[in-house]
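Reviewing the structure listed below.
Labels run A, B, C, D, E and F following the written order; every chain starts at residue 1.
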Amino acid sequence: MSELLQEGLQLMALGMGTVFAFLVILIFGTIAMSSLVGRFSKPEVAAQSGGRRKSGAQMDQIAAVAAAARAAHSR
Amino acid sequence: MDKLHTLLAESGLANLSLGEFAMILVGLLLVYLAIAKRFEPLLLLPIGIGAVLVNIPGAGLYDAPVYGDAGELLSPGGLLYYIFTLGIDTGVFPLLIFMGVGAMTDFGPMLANPKTLLLGAAAQFGIFATLLGALGLNETGWFSYSLEQAATIGIIGSADGPTSIFIASQLAPEILGAVAVAAYSYMALVPIIQPPIMKLLTSAKERQLEMKQLRPVGKRERILFPLMLLMLVAMFLPSAAPLLGMFCFGNLMRECGVVDRLSDTTQNALINIVTIFLGLGVGAKLNSGEFLNMETLGIFLLGIVAFAIGTATGVLMAKGMNMVSKSKINPLIGAAGVSAVPMAARVVNKVGLQANNQNFLLMHAMGPNVAGVIGSAIAAGVMLSFLG
Amino acid sequence: MDKLHTLLAESGLANLSLGEFAMILVGLLLVYLAIAKRFEPLLLLPIGIGAVLVNIPGAGLYDAPVYGDAGELLSPGGLLYYIFTLGIDTGVFPLLIFMGVGAMTDFGPMLANPKTLLLGAAAQFGIFATLLGALGLNETGWFSYSLEQAATIGIIGSADGPTSIFIASQLAPEILGAVAVAAYSYMALVPIIQPPIMKLLTSAKERQLEMKQLRPVGKRERILFPLMLLMLVAMFLPSAAPLLGMFCFGNLMRECGVVDRLSDTTQNALINIVTIFLGLGVGAKLNSGEFLNMETLGIFLLGIVAFAIGTATGVLMAKGMNMVSKSKINPLIGAAGVSAVPMAARVVNKVGLQANNQNFLLMHAMGPNVAGVIGSAIAAGVMLSFLG
Amino acid sequence: MSELLQEGLQLMALGMGTVFAFLVILIFGTIAMSSLVGRFSKPEVAAQSGGRRKSGAQMDQIAAVAAAARAAHSR
Amino acid sequence: MDKLHTLLAESGLANLSLGEFAMILVGLLLVYLAIAKRFEPLLLLPIGIGAVLVNIPGAGLYDAPVYGDAGELLSPGGLLYYIFTLGIDTGVFPLLIFMGVGAMTDFGPMLANPKTLLLGAAAQFGIFATLLGALGLNETGWFSYSLEQAATIGIIGSADGPTSIFIASQLAPEILGAVAVAAYSYMALVPIIQPPIMKLLTSAKERQLEMKQLRPVGKRERILFPLMLLMLVAMFLPSAAPLLGMFCFGNLMRECGVVDRLSDTTQNALINIVTIFLGLGVGAKLNSGEFLNMETLGIFLLGIVAFAIGTATGVLMAKGMNMVSKSKINPLIGAAGVSAVPMAARVVNKVGLQANNQNFLLMHAMGPNVAGVIGSAIAAGVMLSFLG
Amino acid sequence: MSELLQEGLQLMALGMGTVFAFLVILIFGTIAMSSLVGRFSKPEVAAQSGGRRKSGAQMDQIAAVAAAARAAHSR
């Protein structure tokens, strides 16, 4: 077997090993994280991913005040 | 009259080499596939046009700028040269795309059922099997892939465009064009490539298995997940940090709820602008010298093998998990582990519905689907670390 | 006190040369025209501000960066320097604008009546007549335009901002500022320049001629047209490929229907960002050394001549076509062949309505109008090929 | 006549010649293309330029599935 | 096995220095403050992630590219390196942000009551007092700030992020990270820092003072103001022209009414894109060598002093103005002179309402608030002129 | 007192002086400008800052005609 092929096999072993090792760690991390969140936090309404959630605090601050200024000031 | 001769002598027709002509046809084919067949049009349309433009003899769109001794600009470079040099050679554009993809990714289904991460791991076997396959082809004597090239070809099996382009830009820029085209083409062909393999490896009864609805996932979990992933990458595989770091950053902007204006721009204006440039820049690598050869043929052969093997190992992993676990999963969702987000998850859903018209697998397949993105970024990190 | 003297000595007032003062006034005039007269405000406002900023003595907005021997940055450059060097010297910004214009262009009216392309060809005579005029002015001894400068001045007659800026950046960057300002100013003045010429060359009866409604144009024709145009450019005039290639790419994104998110961004965020930078960068060329001289005066004189001649030859061509063809066209629409999209088409419509209040020519004038864009890009390609 | 002026005349002849030649070719190409499209394709509804035409296939795929995920999953 | 050792030897854990570990924690702290405490999240979230990414050992995100002798790219640089070098070292990103802030700023309240500009002037005393303070700290022997560094630290008191980053990039890039983090952190802490000072320096009766409603401001005044400001800068303090020039340009785009599409993009896509990059680039300066030292501690100590002194001098100036003027102003609005737009104005409003629940000061505080932006840009210009 | 501190004092004096001088000039400039605008212009409706004011002239020209073209042409 050529040296290149041997290196390839090595890379495969290392690569699949790392991928599995990492994702297994990630699974345990995720499970631990979720259970910690569940335990230490008040019951939370299931969140919707992305998108705008709360309105008030979301807007850029400068824009917000600018808007306020416009509304209150120049009619 | 002299000048007329010059003009005619400079015309495209007079100078078009056979290779350029062929590459223009390749570019038009990509445009056709993008528009008429809807093959990943967001990328293949700009890639196709880029390929056409770069192969027009005398248009100079890929000329490097010429500077004088004092550093002054004697002759400006071509647009595609600037795009490629500044955005792709540097790896900047793929990383920005990855940020945008992160901002578009919903980890909810995966968080609700974290063991599906294993499916995203198993499907990466396609990457490494293909790497070996490329090196094996060398034994025929018709090909001569370096280890870097073989790894880059393998990464087509990540079924993830920006990952493929990033790895190619870092390890083997000379095959970037062919690898990117193969990656996006096969991602578009997932609905054709995957179903036969999925059906071959599963019984009708297995395919009919309905899965119980996923639990809702709270906002805190969604925020903490990208941070945790980033920390694990930092600790265990720093070479994957550019890709996964930008991915996690994008996802955190999406989920944290306090920077929605940044998240919106990342998902829209920014990713669109970068996509246009990325496509044109990739297309600029489709020149006859680097594309029209046996190596490219091998890349396309190996790429489809990568997809097929990844699909198979994903499904087999799911079956293996059912042997040891009492909460059964439908093995079809293993096929989504190759990524090809969200095409592979849709294919799973469709094949599931064919077996059982009440069997909606889309959400269940989204877990392995996004896990596949993480898995192949990890595989990419290993390659960068091994070969970089 | 020493430092106070330094500060006072560095103040703008203490250092302002007469030339800088004059150029700041020029900048303010452009801002005034943009805001109060709505002269192409999208460009003339940033150009005007760029002109003001670059002429503030000591502000350093056009300073080049200074690097040490090891390549480290000793002193950063000015913003306008970076914008100009990276975006205009390289030709990148005009090409991106052209992509955006392509994405905003509707070829439908032209496809419905392709012979109006001839009008867009005829109106380019203004370009070449002006080129000759510039060389003729040399004979007076007061001017000394090179052939490259004369060609760049002629291209003002393209009535197309990005084409003018692109050609100037490639052939004669030293007159880029004056040429760009002249081009956009006269485009804004089209409603004043064109009508007298149009009325002079047509009879009231000709102007009253109503044209039959255009046929609807299908999606396939719209998709195939930019591809065909791109192929013809590739075959016959590769030097026009950067401009028309990006133009066709933009138009294809618009029409193909599969990349709407890219098309939207191209027509909005991307073209707006580039427009701001292009304007500032062009304004940075409005310095007294390059602007306050006889050559600039000549450029403004010749520019209006170019518009006038282009208008006239467009109208005369339409009349000529009516002599040989049995389906008559209203000769007014020939004036739209200079481009100045969409101002010229609106002017045609208005003059037509003055002659006959049922005579709506807007759509009929859009054909020659976009044909003029193609025509002048071809003319630009010839110049690049001849002189580049 | 100066040499420069001669070159200018040459450029004018070449330029206008090329512009006309190119646009005449383009006219014939366009007419041919339109008639081919008319002959070989099913009658097609006149298209509206630009803008969004069909809705389903338009959206970015990732966004689409993300949206689906949101709708179906976290209520 | 050899390679496995390499991989393990390259892992983050194996290489993480204590300093890097600490800086990653600092990055995570900023992310926490941004998300959980809503501390200026638009900046602190990207800064925090940038800090995490740059401190992952072996990830190479801040590596410079390596070029060969012929100028060819041997090894591409890291994303954060490109962002920092191209956008922050050059001053480009802060200037673009300033343009965006200009496009978001409403000068109406200030134009209605121009004497509030004096409050914006007085509050800049915090900047210079802090500069002196930094130099005073040198006397302890524990610190050794250069004059450039002291000036940069003082500018934290501008309560204006882009101004701080711009000055740091020009005068003292080595403390840019700490200064930017301090500036944004204290801007977020304005609701905690300011009220005690405001209450200490005013009587309840003063705080109850209601102000009469502001007159409406016409469109022409709004258009002419940025132009006048730009002209005054050009005449008297050219070194402030980059900052205030871009600011006035942005504001003019907003108010002129003829380039709304440019103004919209400036306020949205463009500023958002630049904000993401600016944040990541600033975060890249948070490395242990430049951050974990006494100087940083001093910067944070001095920064809060700057805010406090600026608040106090703003309020005192308002009280002084009331002594000489017959139209009384509520002295609380002097506190808004530090800028920290619009947080400081909101704080004023809140403290005013606590004293008198009919006392709406928000609009009145907006005048000094935007005046503070101008005032600190002028102060920045003096520093650039004195030290640049 | 160290030389550095002296330079700092100098910078403070110069800086605060310049800031006040500039803003005082700006105040007078603003008052003059506002009164000139008030005197020489027709009574004007108080403007709203930013945002879109008049509709017709606002749109980009090319887009405007493109829209017109679409509306009038291909139904």
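Note that contacts are C-beta pairs under 8 Å (C-beta built on N, C-alpha and C of every residue); 3 or more make two chains touch, one makes a residue touch a chain.
Quick caveat, the model's predicted, so the values are computed rather than measured.
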| item | value |
| --- | --- |
| Chain whose Cα centroid lies at the greatest distance from that of chain C | A |
| Chain located farthest away, centre of chain D as origin (C-alpha) | E |
| Copies chain E and chain B - interface residue numbers shared by over half, same or different | different |
| More contacts between chains, A-E or E-F | E-F |
| Separation of mean Cα positions, chain F and chain C [Å, integer] | 28 |
| Mean-CA-position distance for chain C and chain A (Å) | 46 |
| Mean-CA-position distance for chain B and chain A (Å) | 21 |
| Sites on chain E at which at least two other chains make contact | 3, 7, 38, 42, 104, 106, 108, 216-217, 236-237, 257-258, 261, 268-269, 382, 386 |
| Numbers and ranges of chain D residues touching at least 2 other chains | 11, 14, 18, 46-47, 49-51, 57, 60, 66, 69-70, 74-75 |
| Touching residues (chain side chain D, partner chain B) in the complex | 10-11, 14, 17-18, 57, 60-66, 68-70, 72-75 |
| Parts of chain E lying in touch with chain F, wherever the complex brings them together | 103-104, 106-108, 111, 114-115, 117-118, 120-121, 124-125, 127-129, 131-132, 135-136, 138-139, 147, 150-151, 216-222, 224-225, 228-229, 232, 236-237, 254-255, 257-258, 260-261, 263, 371, 374-375, 378-379, 381-383, 386 |
| Chain C partner contacts - residues on chain D that touch it in the complex | 2, 4-5, 7-9, 11-12, 14-16, 18-27, 29-31, 33-34, 37, 41, 44-47, 49-54, 57-60 |
| Footprint of chain D on chain B - complex, ascending | 3-4, 7, 38, 42, 101, 104-106, 108-109, 112, 214, 216-217, 267, 341-343, 345-346, 362-363, 366 |
| Chain C-facing residues of chain E, complex | 85, 89-92, 95, 169-170, 223, 227, 230, 233-239, 241-242, 245-246, 248-249, 252-253, 256-259, 261-262, 264-266, 268-270, 382, 385-386 |
